[in-house]
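Here come two complexes built around chain A, the first alongside chain B, the second alongside chain C.
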Partner chain A sequence: MVEDKPAENTSSKSALKKEAKKAEKAAKKAEHKQTTSGSQEIVKEEVDVSIGKYGNLPVIKSENKNINRKFITVNELNKKLSNQIVWVRARLHTSRSRGKQCFIVLRQKEFTIQALLSVSDAVSKAMVKFSSSIPKESILDVEARVSEVPNSIASCSQQDVELVVTQLWVVSQSAPQLPLQIEDASRPEKAEEEGLNVRVNQDTRLDNRILDLRTPTNQAIYRLEAGVCRLFRDALTKKGFVEIHTPKIISAASEGGANVFTVSYFKGSAYLAQSPQLYKQMAIAADFEKVFTVGAVFRAEDSNTHRHLTEFTGLDLEMAFHYHYHEVMLTIGNLFTEIFKGLSDQLQNEISIINQQYPAEPFTFLDPPLVLEFNEGRKMLAEIGVEVGEEEDLSTPTEKLLGRLVKAKFDTDFYILDKFPLAVRPFYTMPDPNNPKASNSYDMFMRGEEILSGAQRIHDPVFLTERAKHHEIDVSKIAAYIDAFKYGCPPHAGGGIGLERVVMLYLGLDNIRKTSMFPRDPKRLTP
Partner chain B sequence: MVEDKPAENTSSKSALKKEAKKAEKAAKKAEHKQTTSGSQEIVKEEVDVSIGKYGNLPVIKSENKNINRKFITVNELNKKLSNQIVWVRARLHTSRSRGKQCFIVLRQKEFTIQALLSVSDAVSKAMVKFSSSIPKESILDVEARVSEVPNSIASCSQQDVELVVTQLWVVSQSAPQLPLQIEDASRPEKAEEEGLNVRVNQDTRLDNRILDLRTPTNQAIYRLEAGVCRLFRDALTKKGFVEIHTPKIISAASEGGANVFTVSYFKGSAYLAQSPQLYKQMAIAADFEKVFTVGAVFRAEDSNTHRHLTEFTGLDLEMAFHYHYHEVMLTIGNLFTEIFKGLSDQLQNEISIINQQYPAEPFTFLDPPLVLEFNEGRKMLAEIGVEVGEEEDLSTPTEKLLGRLVKAKFDTDFYILDKFPLAVRPFYTMPDPNNPKASNSYDMFMRGEEILSGAQRIHDPVFLTERAKHHEIDVSKIAAYIDAFKYGCPPHAGGGIGLERVVMLYLGLDNIRKTSMFPRDPKRLTP
Partner chain C sequence: MSGSIKMYRTTQIVKHDLPVKLPKCMYTLKNIHSRDTKGMVAESTDHVSTLNKNSSIFDQVKQFLKNNQHISGMADLVAKQEDILKQLGDLKKQIQSIKLDLKISPTNAVKPQNSFSTASTQRLTGDLPDLVVNANPTHPPFSLEILQKLLQDSINFNVTCYLHSSVSKLTDNAQKLEQSLLSHKEKSGIPKINIRLIWKNVSVDTEFIVSHSPIQGEVNLLRYLTRAIPCQLSYDSYFDCIEIDSILDICYLIVRAKTKTERAGHLVTLNKYLGKSQWLGGRKTLGVADVAAYSSLKQAASSNEINSNLTKWYQRCETVA
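Right, the complex of A and B next:
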């Protein structure tokens, strides 16, 4: 870790000279552009020693390909670069001027660094003044010397160095008034000491999502969400699943017609799919054997809760099996194990950034996952005096309660509840051949909330018709669905996962709007 | 490759005995189920030596987890398994009986194998009769001995072995009348010798998509499509891109209001997004730097052509750059190179299966890809007498013509056409600072057809407003879009790719309905 200092200094000095020359050239070029573009403001003094080293750059229109600045990312800035001259493009996070000095904090994604301008032979008063007047959130190109600091800078992610600015150019200027402050939006939920109690409410955040998404927490949340998607797909691809794409515009409401959005389709009308299920099943009937699909799912439910969206990202899968639907259920259980392991292996940094703002117990899971039967769950609830009927569904509060009981007994935040009552599942669910009140269906839970619902589906058209009639469904209206199984279909099972719920519950967040980049609910269609 | 035969025989004999015992048990179990279920037909003779070795299985309802049959997939069947007893679950592709024999072909995904039943001590006349009466496309569980054949079986994918059937159970029976024959749907486009000229037209295929998708070609096409998606994401993830999910339901029509589907949204109305562009750009303004998204894109165009769909899968990306949009354009070009390399490395088998039915010239590309400027393209066209104005777009036939010229000159089926006329691009496209008639925009082509359109977008709200006014756009209506750039935004560029087009053109197919699993066009909303 300790490098050969003298040698490094010599080489870095010559590098420095080179850099400086290059920078000078680039600056002159930029300055030239400025004066020729004519529309940009230049701050001047009588004798400004920094002229050509700062100002507003004209809008970058790709004039020049040959600017050979090697940019360093903020998270790369550390002691190893001491005394080197670097270029950084980052946002002005905060700035504060004190006499002849201006302290600024630069931010790039989740990372921040302190930078300093002070009046000297090379830095004019005008340059310091200009720097201190730039609106926060503007994007800057900064040339600076990396400088070790004696005391670690607690307020920044890069704590052992700061930047001593030699050039400063505004690439894109922010409006001076921000509808929310990134610092406020980044503040931990429960740090109420020191009077730091300004928070930003959810609607203000969502109305100004572009700013809100810039907080380190949000940067990390959506990287983690991308990670869940990637892990989901990679694990299934390894298991031989094929990715498919299913239509969102459908001719008939997939699950009975309630809660479905209508679309005008040329001279007729159509619907938005509430799930890709029919299409996944058709892919199974068409011999793809194991399929998954990631895509938008639409629910026209007027539910204004912490966990409902009208549009969300569905992670769906369907799989043929030989003799028992547990072949599929355990594949899904194992998939979750792989996702959880992948998250803690690959995204620990993101998780800890998020935890700083939204503290939560670490997510626990068992490998292989815990499988409970519905009746065992009922028993656990009955033991503490909560009765659930043999043919009754779990209410949301009961689900959560059972989650707490399971966590206490088995120390897992993830489990599978198998063998739901037949009466509470859709008509296409395969009944349990060994118990007339049960079905071959399962839900999976994270921190006591359902994140997947799945089942063995009836693959036989005669039996499916029988079950539809039993549910008093007009069979003529679902003929296309039943016909999908007419030409031979293997037994199969599957499930659908709500991506935003998985991320919310994994992180222990309180609202699904925190894990949907541009959430849609009955009251929100923008941005 | 040559294994120790005698030793293998000994061990395989004892394995065989074991297998036979197991099989007998399983069969008895199945038989027991049959008789107890009562509803299934059993074919009987006076003395049926095969009783309990064939029949219709009851609907598999996951009665039993403990059936220890190890299934072999059809593509695993080869000489190495000679004389072994195996279980296979596959479709009855064809069957043909001849006196005391019944020849069947079993199909599993892209793979086929011949199987044989002939009356013997172990196989009854009734069993052969039953087997020859099973409707094609039914799914069977077959126990059989793998047997080497003296002459390779040209009509099957597995050519050096056949199966000598010892048990045969119908898992899922197909309706006897098929609306199309898989063999007809699989027939090469141009094999008109031998009178094999039955083809299946496109509407019949799409109306019966579940059957049509079972052809080896379709099995391969959708595996290749999944491959394109995977390669797209993996290449971008490696380059530091973050996957995002953008809303499909939006409050305002994204590109001006034409060609947009309207959705009823609770008491109001909304639209289906024609592109994720605004949201990708917002993610850039929100510091994600490099983003991609894969999802449904909707176009309410009444275009009934070989290459238009009303719903397709968009592979979209957007990326901040430092000084020149070529940083992005070349990243996208390189992405395509990686995809093309990945396809030929990983999916050669699929490509050759597809080529058997739809012959095409192998797809050629250069690494790095060819970049032509629009004016160079115009010159090439002018040389053969086709004039395109300096501010004129390319028509589809001209595009194709230019593609042929480029192929002839540079031997590449992929190229980038840079610097489109400003006049033919949307208002948010960055003008070329060095040529008032040009813009910083590009299209990319495969076999002469456009598969990506992209550009540097204007990231400055003042300039964007100016350009919108120039295009006579009511600025108040796009205020939300313009405001996205109000709080500082880095220069950025991107593009959108149509997945189905990429697959169609890579394979040299003639219609986009061949590469959309469940296509949507102005006249088709089902299945």
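Right, the complex of A and C next:
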């Protein structure tokens, strides 16, 4: 049992010594017990009756394959299992010793259960003492009897049972000092007058992301994020889309040139992809008809806001249509409806966990999604005295204001704004045939913030060149893009969604860093 | 003011105009409420206030003027007043001459209130904002269907339907209504009103939003529409508009009624309004009250709750719908 030393090189020297001593002692006692007979035990009062039932396990190096021990997960523990002996592997959430008793709370993901050790025939004083000295967040193997409790335990997720511990092994020990307490990190955000009001600020959380991610809320957020991604894939696959993978190292900036990351590429340099736009369109030109891609997208924007990241996950799709780009726009709109419905059907539990810490109004939407034209939006804004020019983009505050107006009138947090002014859109956007100032482009909004921007693209190389020239873009630099349409290309439209933003806005969170597991922004490259 | 605002009479509880006989066993006191003859209460009437005709304001002013004729500046004031009157007379003449030039006859000036010319319809609907109608699928606003059909020659009801996330599934009735509303064919060349019908978990009352805050009740939606769109259903200028309004209120109550007995009471009232005539309120053509009543009965009441008289009328309504 002295073997576990190398695993603990992170802990402090004194702790190391202490552990070594303890381990030695345990080992000795174990030896002692093996050599002495039962009769001697009764004579000596100090002899530990629980020897061999607790201690630090050596580092598991997969020596033993054949231990047939069935572990029960914490969320499965309930009244049905009462009086059964179970094995549980979980983290030590909190421990509290009181004389001859020690209460510990075990945590597995977001589920917690109370466990109890009290000095008895089977449990020695030393074992209780040992259990109270284990640092928080250590991983334990516990053998225990499930027992019903008369009064439900309010502080745990498993409220009607507790565990009476018979064996307790430390599988992996945590450092005794934690940079943040899980309890503090999972405290609800609403202002409480009474009780502790300690909260962990965003930077501390991000610096110690591994600990922070252990909170029930974060567990739920990332499961929800996975859900969005899965629903996106499932819904589109069902509609006949093909998932493609596009290169992230590219030779030319795809959307404008200002905000790209340059990377050295052997003897020259290359860029990190700002969007898979060009490759999606090439896939359309290559007859894939409907494509989508999920992948990292990079933006070298030096903006430190609540909703910008330098690297995020893009959910992009592109689709060929027959006559009108609304075929695509409504497909995307219905895709969102399907995702929202899926989330509220399948992940209601996660949503309610997150709402406990970050309360927000439930997300509302309409089916089919509400489509407003840009001019209607302008009219609504003008009614309350905010004038937006006919060829002017919406600023972030006006966007939010419009979101509030739409919410008040239609009670929907999701809507589509159609027919944006041509002047504020990139050169490859198809102009509106009926109004020279408008274009066949749309934005989609959640809780008043833009999550998707899309348009019908120009698929005619001659017209594309003309538009590029109009925007004073050097045509020779985008020759590869224009050439993609040279050999015939179906009319198509599409758009790109930021996964983190969708999750943030669906949950009504205030910062995109809460929905990016390891966020990258201009000031953060680690962890 | 015939019709529904008939108030009831109550018996008089306090009779205060009787002469009070004062006891004479003790000493007499002076009436503290009477202040000589100028007071509000004459001594003879004893506590009862009657208007003293002698001291009406007109007489007082006359008296005052008579007394103050000799005050300086009074003559100036009189002259000034005369001037103003003369100027007003001139103005009146000028306006009359302008009127003659423009050939406006006095009868024409009053008329537009009653005329439902398509020109005024066009002008009005141009200003109509898009309507958002929130309805509970258990209580679909059937009146929209009738309105759409009834007014198809004068205005297009362009209805788009949405399902709000608070509702998971539509009822059969709501689905039928939605299909009927969506299948409506637009006629070209007539004005259009955009209605967005949102199936939402609201109360039994349909609500609609013009600008910001919602207005509840399907009948209020009808009131709004008949005022905004001048058509055969507009009832503002009718002599019995108050009666129509109270029928509308009863329709509102029928939808809201929580028990069968409560509803039965309202149905009896409705039946009274129908009487022996073809349509509600003793009218010869279908009116807004019929539209509202039809919708509320279809939403709330089952067929065995309504009597034969109402059933006949209900069937007449159905032929229109």
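Keep in mind that, in the parts below, the second predicted complex is superposed on the first by the 480 of 527 C-alpha atoms of A that agree within 3 Å, B and C clash if a C-alpha of one lies under 4 Å from a C-alpha of the other, contacts with A are read in each partner's own complex, and residues count from 1 in each chain.
Here is the rule we use: a residue touches a chain if its C-beta (ideal position, glycine included) is under 8 Å from a C-beta of that chain, and two chains touch if they have at least 3 such contacts.
Predicted, not measured: the structure shown is a model, and the values here were computed from it.
In the superposition on chain A, A:418 contacts neither chain B nor chain C. In the superposed model, A:521 makes contact with neither chain B nor chain C. In the superposition on chain A, A:450 contacts neither chain B nor chain C.
In the superposition on chain A, A:409 makes contact with chain C only, not with chain B. When the two structures are aligned on the shared chain, A:316 is found in touch with neither chain B nor chain C. In the superposition on chain A, A:364 contacts chain C only, with no contact to chain B. Contacts of A:288 after superposition on the shared chain: chain B is touched, whereas chain C is not.
Taking chain A as the reference chain, the count of touched residues is higher for B when chain B and chain C are set side by side. The touching residues of chain A, counted against chain C in their complex, run 340-341, 344, 363-368, 370, 376, 383, 408-412. Residue ranges on chain B touching chain A, taken from their complex, read 59-65, 67, 69, 71, 89, 91, 108-109, 137-139, 171-175, 178, 209-214, 218-219, 222-223, 225-226, 229-230, 233, 237, 242-251, 261-266, 268, 270, 272, 279, 282-283, 285-289, 294-296, 298, 300, 302, 310-311, 313, 322-326, 430-434, 440, 456, 458-460, 463, 480, 484-491, 499, 516-518, 520, 522, 525-527.
On the side of chain C, the complex with chain A involves touching residues 130, 132, 134, 162-166, 196, 198, 200, 209, 211-212.
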